[in-house]
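Here it is: the structure, laid out below.
Chain naming follows the written order as A, B, C and D, and within any one chain the residues start at number 1.
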Amino acid sequence: MLSRIVRTVANQLVLFVLVFGLYLIMHGHDSPGGGFQGGAVVASGAVMLLVAFGSGQIIKWLTVRRLVTVACCGALVFIVLALGGTGTSFFHNFLLGTPVFGGVPTPGPGHGHVWSGGIIPLMEIAIGFTVMAGLSAVVLAMARFSGGEEIEE
Amino acid sequence: MDFLTTHAPALIVALPLLAAFAIPLVSRAGHSARSIFSLAVLGATASLVAILAVDVYSTGIRVYTFGATLPEMALPAGYTVPVRIMFQVDGMSMFMGIVITTVALAAMLYSLQFLKGQSGQPRFYSLMMLLYVGMMGLAFTGDMFNMFVFLELASIAGTGLAAYRTGMADAVEGGFKYIVISAVSALMVLFAIGLLYSQYNVLSIAALAHYMEYSMLDMMALGLLAGAFVMKLAGVPLHMWAPDTYTVAPAGTTPMILAASYTSMYALYRVTFTLYGGHIDTAAIGWIVIIVGVLSMFIGVMMAVHQTDIKRMMAYHAISQGGYMLLGVGVGLAVLADPVALASYGRDAINGGVFHIINHVFYKALLFMTAEAIFFRIGTRDTNKMGGLARNMKWTTLFYGIGALAISGIPPFNGFASKLLIYQTVLNFSPVLSAIAMFVSLVTLASFAKVFYAAFTGPEMPAYREVREVPRSMLIGMGILAACVVFFGLFPGLIVDTIVAPATEALINQTGYIDAVMGAVP
Amino acid sequence: MEQVLLNFPFVAAVLLMGIALYIIVFKRNLIKLVMGVAILSSAINLFLVSLGYRVGGVAPIYTDVPEGPMVLPVPQALTLTNIVIGVAVLALMLTLVVHIYRHTGDIDAEKSRILKG
Amino acid sequence: MSLLEYGYAVWAPLVWILALVVVGVIVLILRNRGRKSYKKGTAQGDIFLSGIAVPAEEQRHVKAANIYWGFFEALKGFYKGMMRPHTGIVNDYILWFVAVLTVTVLILLLTS
């Protein structure tokens, strides 16, 4: 556990890190960013908490088991979405033109259009959850591991 | 049924991938739920492979484009280059698919009992599924970049499996060596892909082969790709990682990692035949493959006789047998530009090399499993400490005998059929190489006889008086493979005609592969 | 002169590859070896991104674009994929190095080796 | 179906097995013509080492390391040379890889 200054700053900063990460995930399909980048940013927030508070505090509620569950669910959603288009072909964008994320952005100058992209934004969100949980789990497991504990799921 | 046939290429990869991420959740419901779930998914995938195989062997090459309005539509309307990710399944891909699926089924059955009571089992089954996905994707993909991605996927999953027993120092070391050589060679593959992309701005293998100009950069890329794949398939002198990794991987996974090596061999053939096989003289790359093959055969077997660890010896034999495949196909590659030689012996040489892949994977998987069965019961892999095991492990002894006779090329087992093809065709190309191949078979027999004598025969050791036969599920896994070995030995003509000849045809027929995608482009 | 500047990233990528291979081959410390693999991965990423660059190009996003050429999106996708894979490989390697250290008490490639011959 | 035909020869496993069965029958007939005085489980089956006491099982068994002793003794120099590249150090594996890559690329560039 680090000094009070670090802990306070980390406490305040983690919110902004979270918001920025989620922003990157949400806008992955119409601007730079995406599931992996956003998820990595959120996981870096977890690393910050880990450094500031030490692994003892975090492990109480952020267990590897829970993180693995989230990561697996995200990956499952991704594949199920890909399978959803199998009526025409695997990975077919079946949501395009429907009310759910169905818009088509006009190419050329103009602002991004969040309500577009069909299954792609949904996949980005699923990937985002997988990556944030997966990377946090890796860091957490390594932190506990270097402390000499064995990891059990 | 129609739906399944159409979407089989994608589903074969998607189903195990889905299972890989579902297994950690399913396994919370208990051991048997997870076992049944894994087996059911693998069984369903195997039946999809069978459906796809029937389709591919009757109608020819299949193209599956991801996300397109029609899976067969390789080129979007108005485009002259493929832009979407696609799978291209021809005879050779299907052949690899059959090999991998059979091995995966046997390995899974074998592992069910083997793992009982060990920790971290959800990870084990997830990694098995991921390794299967990586190998199948590598065999099916029609895209250079996806080749890299699936190669890395297979490497990561393979490492996880090789280092599964993290409590053992040697297991961790073997896994680490595997991931280092995999990462470096895969990065070289990516570098070569970058070189190719910089010139043609496409990634599809068919489109690349269509536009290929055989410039300096192309030849450099070929060198990088060939070197990297030889590293992954453990050809001498890049073989040193293989004994380390194969030795430490737990039971059922060693055959899977072995199959992953042969998927890299498939990638080597795909690159040399399909990507570069068109208009240049392939003699140079053919001779490189032949030299690597002969070195692998000779050094692999000489090192194997010397080993005391039973799995390490088998790993060196795997390198040595890999040399036979490279020799057979290398001869075909060297005469690819010469139609007369190709028709008279080149095609049969490739047949032999390809046939040896499936034969070798089966009997080597069987041998690895018997070695691990011994380890399971007596807790050591050192042949110096074994003796008289045949008295209590009758089935294991029988399976070891079948595997040993098959690998030494003793008729009527399957090893003899493919080795005969290789000897006789290579004799036409160069008698010296054929003589070396026969000598290597002799030493192989000698080394397996040594282990058979030391481990299974002899007086009953007091320490092993209480040793029992391994559990039934392990015996079933070995039994399936032993039955395949005997069947393939008795009916080699059937196997060669139905699955090996289409694979050879697919390798030689470069225009067919290109036209399946680029047919409409002038 | 402009030609030289345009080729500069490729020279840098090749230099980085040389450095990385030097580290991987000659440094016996396993952590340094892992660093070498990371540098090799970065070198290839740099090479791929430079391939897609076009003079005066903008980011390949279909909204909010000014007139003019775009850089190629495909090499960027390749780079991104390689970064993702690289993260997984690095994490795996480091985990195994930690394990090796715990078992043998050493991270020297020669001293911590058990399997040979 | 069982025939493996290629170019200039044929391999027929079933015929080979038939031949094996015929040879096996002949061998059995010859074997049965031998002496029949051997009885299992009597003193005839005991180990006899010129009157020396029979050693324990561990000493009686020929260990793997002792098999082909002469072969390894004759090829000592070869195996010494073989052990030198097989160091087991992961850096050396990559060194070999880089060397092979260089040679392959050079050969392909020079021949094309």
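Everything that follows uses one rule, which is that contacts are C-beta pairs under 8 Å (C-beta built on N, C-alpha and C of every residue); 3 or more make two chains touch, one makes a residue touch a chain.
Owing to the predicted nature of the structure, the values given are computational and were not obtained by experimental measurement.
Participant: So which has more C-beta pairs touching, A-B or B-D?
Facilitator: Pair with more contacting C-beta pairs, B-D versus A-B: B-D.
Participant: Looking at C-alpha means, what's the farthest chain from subunit D?
Facilitator: A
Participant: Express in whole angstrom the distance between the two chain centres, defined as the mean CA positions of subunit A and subunit C.
Facilitator: 23
Participant: Can you check how far apart subunit A and subunit B are, centre to centre, with Cα atoms defining each centre and the answer in Å?
Facilitator: Subunit A and subunit B have C-alpha centres separated by 35 Å.
Participant: Roughly how far is subunit B from subunit C, going centre to centre by Cα mean, in whole Å?
Facilitator: Chain centroid spacing, subunit B to subunit C, equals 28 Å.
Participant: Where in subunit B do residues touch two or more of the other chains?
Facilitator: Counting only residues that touch two or more other chains, subunit B contributes 176-177, 180, 184, 244, 306.
Participant: By residue number and range, which residues of subunit D touch two or more other chains?
Facilitator: 86-88, 90, 94
Participant: Residues of subunit A that touch two or more other chains: which are they?
Facilitator: Not one residue of subunit A touches more than one other chain, so the list is empty.
Participant: Among all the chains shown, which pairs meet the touch rule set out at the top?
Facilitator: All chain pairs meeting the touch criterion are A-B, A-C, B-C, B-D, C-D.
Participant: Can you name the residues of subunit C that touch subunit A in the complex?
Facilitator: Going by the criterion above, the answer is residues 59, 61-66, 80, 83-84, 87, 91, 94-95, 98.
Participant: Going by the contact rule at the top, pick out the subunit B residues touching subunit A in the complex.
Facilitator: Interface residues on subunit B, with respect to subunit A: 7, 10-11, 14, 17-18, 21-22, 24-25, 64-71, 85, 119-120, 122-123.
Participant: For the complex, give me every residue of subunit D touching subunit B.
Facilitator: 1-9, 11, 13-14, 16-17, 20, 56-58, 60-65, 67-68, 71-72, 78-79, 82, 85-88, 90, 92-94, 96-97, 100-101, 104-109, 111-112
Participant: Can you tell me which positions in subunit C touch subunit D when the two form their complex?
Facilitator: Residues 21, 24-28, 33, 109-110, 113-117 of subunit C touch subunit D in their complex.
Participant: Report the residues of subunit B in contact with subunit C in the complex, numbered from low to high.
Facilitator: On the subunit B side, the touching residues are 145, 149, 152, 155-156, 159-160, 163, 166, 169-170, 172-177, 179-180, 183-184, 187, 190-191, 193-194, 197-198, 201, 203, 243-244, 247-248, 306-307.
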